[in-house]
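Think of it as A, B and C in the order they're written, each chain with its own count starting at 1.
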Amino acid sequence: MGLQVENLTLYYQTLRGDVHALENVTFTIDDGEIMGLAGESGCGKTTLAHGLISLAPPMKYISGKILLDGEALPIWDSRKMDAFRFRKISIIPQYAMNAMNPIRKIGKMIEELLSAKKVDYQALLPELKRRLDLVKLPHDVLNMYPIELSGGMKQRMVMVISSLLNPSLLIADEITSALDVSSQKAVAEMLVEFRNQGYCKSALVITHDISILYQLADSILIMYAGQLVEKGPTAEIIHNPRHPYTKLLISSLPEIGVKYAERKLNGIPGKPPLLLDPPAGCRFRERCPLAFDKCYQVPPFVEVSAGHFIACWKETDGHA
Amino acid sequence: MRRYFGRKILIYLLTFFLAVTIDWLIPRFMPGNPVQNMLARVALHPEAAEALRSYFTKAFGLDVPLWQQYLNFWIALFHGDLGISVYMFPTPVAEVLKRAVPYDLFLLIPSILLSWWAGNKFGAFAARSKWLDNTILPLSYILTATPYMWLGILLAWFFGIVLGWFPIAGAYSFSLRPSLTLAFIGSVFHHWFLPFASLFLVDFGGWAIGMRNMIIYELEADYSHYLAALGAPQKLIRKYAFNNAVLPQITGLALKLGVVVAGALVTEVVFSYPGIGYLLLAAIQNQDYFLIQGCFLFIIIGVLLANFLIDIVYVLVDPRTRRGMTGETA
Amino acid sequence: MNAPKKKNEALYFALRNKKLLAGFSIILVFLLLALVGPALTPNEPFDYVNPLGPAAPSAQYWFGTTFFGQDVFSQFVYGLRATFIVGLIGGGLGTLLGMLIGFIAGYRGGMLDEILNAFTNIVLVIPTLAVLLIIAAYLEVRSIATECIFIGLTAWPWAARAIRAQTFSLRTRDFVDLARMSGVSSTKIIFQEIAPNMMSYLLLVFILQFGGAILTAATLDFIGLGPTNAISLGLMMQYAVLWGALQLGIWWWFVPPGLAITAIVGSLYIMNVGLDEVFNPKLREM
């Protein structure tokens, strides 16, 4: 069960041609799993999130199969997707601070949204209040306008709304990016609690901040330039990364206690490729210190140890 | 909110003061002497003319120094005395205006309100589908680019003369006396329709375009995207977009009032409709100081009052202002 | 395929925008008519050329003749000239004044902004036509130039408001902060950093002022406060109505002037929409 994505390919239509934003992406998220999705800006993580739940022009569906709890998810058909949205798959958007109608009381907005989806608001109200308690929001917030809430409060409110119908998959798109560090920790813990309480079966947490993933994710998926690079249990990715890109990424994180007068902070020289006309084979090839001629072919995403996948010829060449 | 209203009232008072001063000032720079003009109408003996002249000069308060005239003007204003009309001597200006004002209100209020309502509705429709957009939008652009008087002329000519369906002069048939009979009321509406339609159509175009653009803008807002991501039906998304888009349209109404009043002015001229616009024209042609002042004053007060009313409506409708947050969105 | 360079990018899209091209073409046609038209007719606008009085359009009189036997075509093309001049100068003046007040208010902020803003709001609320009415009535002889000045002096609040808002939003952008931090003077910042970004916006504002000026002029002319020594499209309509063109069915006297104004102003609005699409990539259709 859970989410099964097979060979998903999504492009962006632009005046200059198609941008190959997502290329043959295959992975699964099991029930109860919180998977983090990390990578540089423009690697395709937001494309993936939006593609799963609100695929619309200029995004174009090219190919791929999605199964959620064994049921096919018709992401190319927005009409049909409406039945799944909010109920089976939901999203806490990146713009959560502005996600609520500014001229409607929050409770009224939820009521109208629910009745539009044919759900009884009154019946759900006690559960809604319980959840407000969990995220430490006063019940009174339902009588307020969004403008009366602080940024953090709005974020938590949207978290509650998005997970209200207990979706199978909850996508969290950069939910900690706009917050201060202590709020970040609180929100991360809330998300884990959501999963523990069954408010969502599994979650896909998108962020460019790997340190947060260390706090809340069971597994981490690393993307680069629209391709999958490595996936594995959090501890393994952080402490024992196998892919050259992941290694460079982890080592470029600042560590507490280390003085940088002694050791310089490493970056990764170069820039991600433009996806209008992507390079052949592994897209990290041009910046990879270990690249060799086989890298002109796209490396398959293979399992090298339990639950640990990697797309790299250097690492997998030894295996079958 | 107190701060919001306090500010507004201050501006309105300042505006009123400035406008009244201009109003008093400018007619006094006009060439010609009103008393002279009046006397020219009556052929008189030079001595009789001289006696009459001094009488009228005193009666119109023109014999005291300028600054005293200004002060007297304010004092009289607060007594509701706007002077005596030269053009329609000896009727007081206030009286002349009183007769004309109902016609203006009768013309302006329905056309402003209906065109705003209908324009917003159709603008919202246009934002919905490509087909509607391609028909309503060009039509609206043509309407809003049409000068008020030309549309009035076209309507008067086509429906009034060519088809003969409507009269094109006066507020009611010259053969009828004002009374509460069906015939009279019917005649009033019969005469009212074309000038009303002329004002309505031009304004409609403007509102439709504005609303369509606002709705498109709101449909791109984050809250619209959120609702779509949660699979909310298009009806709900559009309803929220509409509610948000209406707010700047309310502010826009206040801003457009001056233009609409000017439009009513020329429309009245085309249809010889006895409102203030028509009166103002006659006043200028006859160099009637007091009547000009009175007309102008009434227009100013009317526009300021309407602005104030709209401000109140805005505060009632936008919950953010009530919570002491931002003022208008425009 | 290489993307067009930044400088030519605007031109590239401009030449391909249907609305812009359509609107511009229509205006070009009328402009040509205004420039060349008077050369096509031997008659002056006020000459009494037809002893029979009003006559329908014919091969001899392309637009017919007025109640007095004047050549309507002649009046029309000379009137077009007046219209374009008022639009250009009146609208230009309004834009300039609006720029001055709007820039300063938006950029300086603080007390200056408050005062200018209050001033703008006051002038905005006063129905300008009423003021124009009275001022214009004061002058015994009015020329097109004076009409331009009046219109410019009363049309600026709209422009000022819009430009102030734009300047406000640009002022807080990072590149301005950068310039300020490196010690560049205020005027330099306005001209080198903000103004180029506002160029496109200013163009849009000017086009709207142009159209607005034409409409205001037509209204003034129609009331009888237009130029006393020239012909204009608004004046044509005034004479037509005054001399019973409606009742007598002399439609060729009042239809062309109003049609021309509607077409020109409408084209300006359409051009505006097109230009907005050219400058704002998000609006461009695929």
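Everything that follows uses one rule, which is that a contact is a pair of C-beta atoms (placed from the backbone, for glycine too) under 8 Å apart; a residue touches a chain by one contact, two chains touch by 3 or more.
Since this is a predicted model, take the numbers as computed values, not measurements.
Undergrad: Comparing A-B against B-C, which pair counts more contacting C-beta pairs?
TA: Between the chain pairs B-C and A-B, B-C carries more contacts.
Undergrad: Relative to the centroid of every protein C-alpha atom displayed, which chain's own C-alpha centroid is closest?
TA: Centroid comparison flags C as closest.
Undergrad: Farthest from chain C by Cα centre, which chain is it? Let me know.
TA: A
Undergrad: Provide the C-alpha centroid distance between chain A and chain C, rounded to the nearest whole angstrom.
TA: Centre-to-centre distance between chain A and chain C: 52 Å.
Undergrad: Quick one: chain B and chain C, Cα centre-to-centre, how many Å?
TA: 23
Undergrad: Measuring centre to centre with CA averages, how many angstrom lie between chain A and chain B?
TA: 56
Undergrad: Scan chain C for residues touching two or more other chains and write them down.
TA: Nothing qualifies.
Undergrad: Name, in rising order, each residue of chain C that touches chain B in their complex.
TA: Chain C reaches chain B through residues 118, 121-122, 124-131, 133-135, 137-138, 140, 211, 215, 218-219, 222-224, 234, 237, 240-241, 246-247, 249, 251, 254-255, 257-259, 261-263, 265-266, 268-270.
Undergrad: List the residues on chain B that touch chain A in their complex, please.
TA: So the residues of chain B touching chain A come out as 221-223, 225-233, 235-236, 240, 243-244, 247, 318-320, 323, 325.
Undergrad: Tell me, which parts of chain B touch chain C in their complex?
TA: Listed in rising order, the residues of chain B that touch chain C are 11-12, 14-15, 18-19, 22-23, 26-27, 29-31, 141-142, 144-151, 153-154, 156-157, 160-162, 168, 255, 257-259, 261-263, 265-266, 269-270, 280-281, 284-285, 292, 296, 299-300, 303-304, 307.
Undergrad: What residues on chain A touch chain B, complex-wise?
TA: My answer: residues 53-54, 81-87, 90-91, 93, 95, 98-105, 112-113, 116-117, 145, 147-148, 158, 161-162.
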